[in-house]
């Protein structure tokens, strides 16, 4: 049973009433019931609550072992307690938050951390052993730095931010409040800038920084390069998945989402609420408008106006790509058909000349 | 000479007889000969043994400087000692193992490692300096943790497992016996799960874990995310190359192979002995059957039944892709030929109307 | 204003005369003027110098706030001081170097670093806390190792080399002089080598090393695997961007450039001054000639002779790819046109049979 692997082992049990209150829900059934966890319909066990976010999954309701289910409309398909809410999709993460174990915190500043005596640490910080904090760095209150985190000179990190193990933040970069940076990510490595000089590459010093605004979440093993001048700028609410590459001077607008292994070349400007699929590549100096959606593995070679949905390398409207790509495997047939038509015409020509 | 760069400098010299015994081989030539290393036919030096795994390379036999060669059938192309075995491909790694320097071990538990006093360490563990081990973590006997390794609270790691430098294993994840995890890899980062709420992304707490079974090898700088619920599960004998992305709730079946920079989206279920080429992307919630082979850079957008060999974006049978992709560069010619046929027909039409 | 984010806060002010001398430039205007930084034309502020590297940008000259501009020919479009040089592209990084803050150095060897007593450290090394240096390792003079760097047994690193935080260099690898390796990169992980044995993968011990020659720069979170035998070899002056994968036994020739997220399979031999675009994949055992350019996202499935410019999967001449890929979205139209021609011919055939 997969459910048995969930992290929360000795969770407190929470009355259903309390859960319903958190999500503005109406309980049908036993309000006093104690809930000990949340799980998917297929994986839930007795004592757990589950949720129905789409009618597509409602055939799972009769089979779930969950003791309670969060859903939009009362159903006869489920015998246990029901919690009716306006939007189960939004209710789910709130309830999951009740059962999440939370980020383990080191109490205070470890004496096995290395903090330069000029650095400034806010109240309630959690600085694990083997952290390094450089000269004049500032760490905001309640921020957590896990082992192996490197914070360079002059770095400023806000409040309630979490840097997971082995994250590197190089000199002078700025990270906002309530930011999460997953393990192994590098912020502020040099932009990839060289000039060619008789076949050799001369390094262009990268004088800028990286700025990451509030409520951004950066995945594991990302690389975000510092700007040549000015800043590489990740704006409020952006979320990146793992192994994402963001080159120097890129700007990513608020609430945009970048899926795993996407790569964004230098000086690209991405709008708000943009969605970049996995393994997408974006060529340098382009502009991607607000709310653009780019399908996985696309190769973006020209700027894209706001609101477009594109696919392919180079990109085209997604609906065009769906048709064109479905025909790709028919190229051998196209070849044959064109040949047959040509032969047919040749045959007619010969016939005509005879007549 | 590349051979000079091999790692083993002062290897002991091993009698050919002993090597032959290890691989059930029959020696033709001097059994007492002392061998000091193994190398490719092109790179071997006197005193080294080499091997012929395919008839394709047999023209290298007359030129090799190796003192002995492992091969399937006696040959007149090589003057030195010959060791005849049923399968030279299998014999090669066994003999290489004799000359491999082995993993350097720290003796016992460094007092410069940070181990929570509630953690449990098996006998013969090798815990290097700058390792961090959290609350209630369990490390099996003879396991090696290199510097910079982070082991979160409640993590369980089996016996004879090796975690190379700067590997991060987050809370509650489980790693089996005889597992190898290469440097910089992150196990148990949060799955990339958000719900949209008026243009903002609300984080979905990721309550599950990662489970890695026995004899798995994970490459460098991989990211394996913890499940939303339950577990992300890498089954026995799986091997991943470097920079691989494995999202939450993915299951990879026994003995599957994932080549570098491949990315697997959430909840994908991969069968046994599957082969994913480099830079492949797999969309979420798909099922890939047993023994499927997916060529490099393919983009998998639909489930694939067992035993298929596919290529392309979206995927198609590999033999179809080979033909179709070879015609891609002829699209301008297709365009011209269709145009000519059209003109020809137009001309005939005009002619006809005149007649 | 982006310019405000530049790293150098209290830079000394440098007379324009001195800057001109460094780049062999001729000053038109006030030679005594004090310059406090360098910036792009659009972002420069009074007191800063800027540069014009292409006539394309000359419409920015009237609007820049820069106090001085480096350019090739005297212009009437800019009122401030002008510094005329033969090649502004080459002058720019030199002047930027004057204002770059430089790499922050720990003075000497931290007593919180772990250095095996058999290791050898050159004069002027900078060994930060939390560095680990193994047995018999050699670190050349003036080399900087940042926190979290792991240097395995028998590793040799040259002079004036910089390893940024959390870089891992495994046993016996060699790194030259004036090399830069960005954070999180792994050098010398095992090559991905297995033999199939009844459905299981048997590990092939990887006996070789990685050798990185002088003046190489390796991006963040790269993986460079050690050779099966001999060496994986990155030759002088090579530059790699972030998240690049280099498999075992690859050789990359002098001054080649590998853009982010490219992946190079085992035993590939790449020539000099080659340019690999972002997210390119190269299949194993191929040869890429000197000065070859491979466009982003290409999939290289066969060897490429020197001097070629290629694109696509599989690769074709870049100019062919441009035409072919622009026609891809017309496949539905091709299909329709072929169908129409076929119908037309059928119609004629029927007509003919009637006559």
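By letter and in written order, the chains are A, B and C; residue numbering begins at 1 in each of them.
Everything below uses one rule, namely that a residue touches a chain if its C-beta (ideal position, glycine included) is under 8 Å from a C-beta of that chain, and two chains touch if they have at least 3 such contacts.
Fair warning: this is a prediction, and the values are worked out from it, not measured in the lab.
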item	value
For chain B and chain C, chains touching each	A
Interface sides of chain A and chain B: same vs different residues, half threshold	different
Gap in Å, rounded to a whole number, between the CA centres of chain B and chain A	25
Per-residue multi-chain contacts in chain B, two or more chains	130, 148, 166, 184, 221, 243, 261, 279, 328, 330, 334, 338, 341, 345, 348
Complex interface listing, chain B residues touching chain A	114, 130, 132, 134-135, 148, 150, 152-154, 166, 168, 170-172, 184-186, 189-190, 192, 194-195, 197, 199-209, 211, 221, 223, 225-231, 243, 245, 247, 261, 263, 265, 279, 281, 283, 299, 312-314, 316, 320-321, 323-324, 327-328, 330, 334, 337-338, 341, 344-345, 348
Residue numbers on chain B that touch chain C, as the complex places them	2-3, 5-8, 37-40, 43, 89-90, 92-93, 96-97, 99-101, 104, 112, 128-130, 146-148, 164-166, 180, 182-184, 217, 219-221, 237, 239, 241-243, 255, 257, 259-261, 272-273, 278-279, 296-297, 325-326, 328-332, 334-335, 338, 341-342, 345, 348
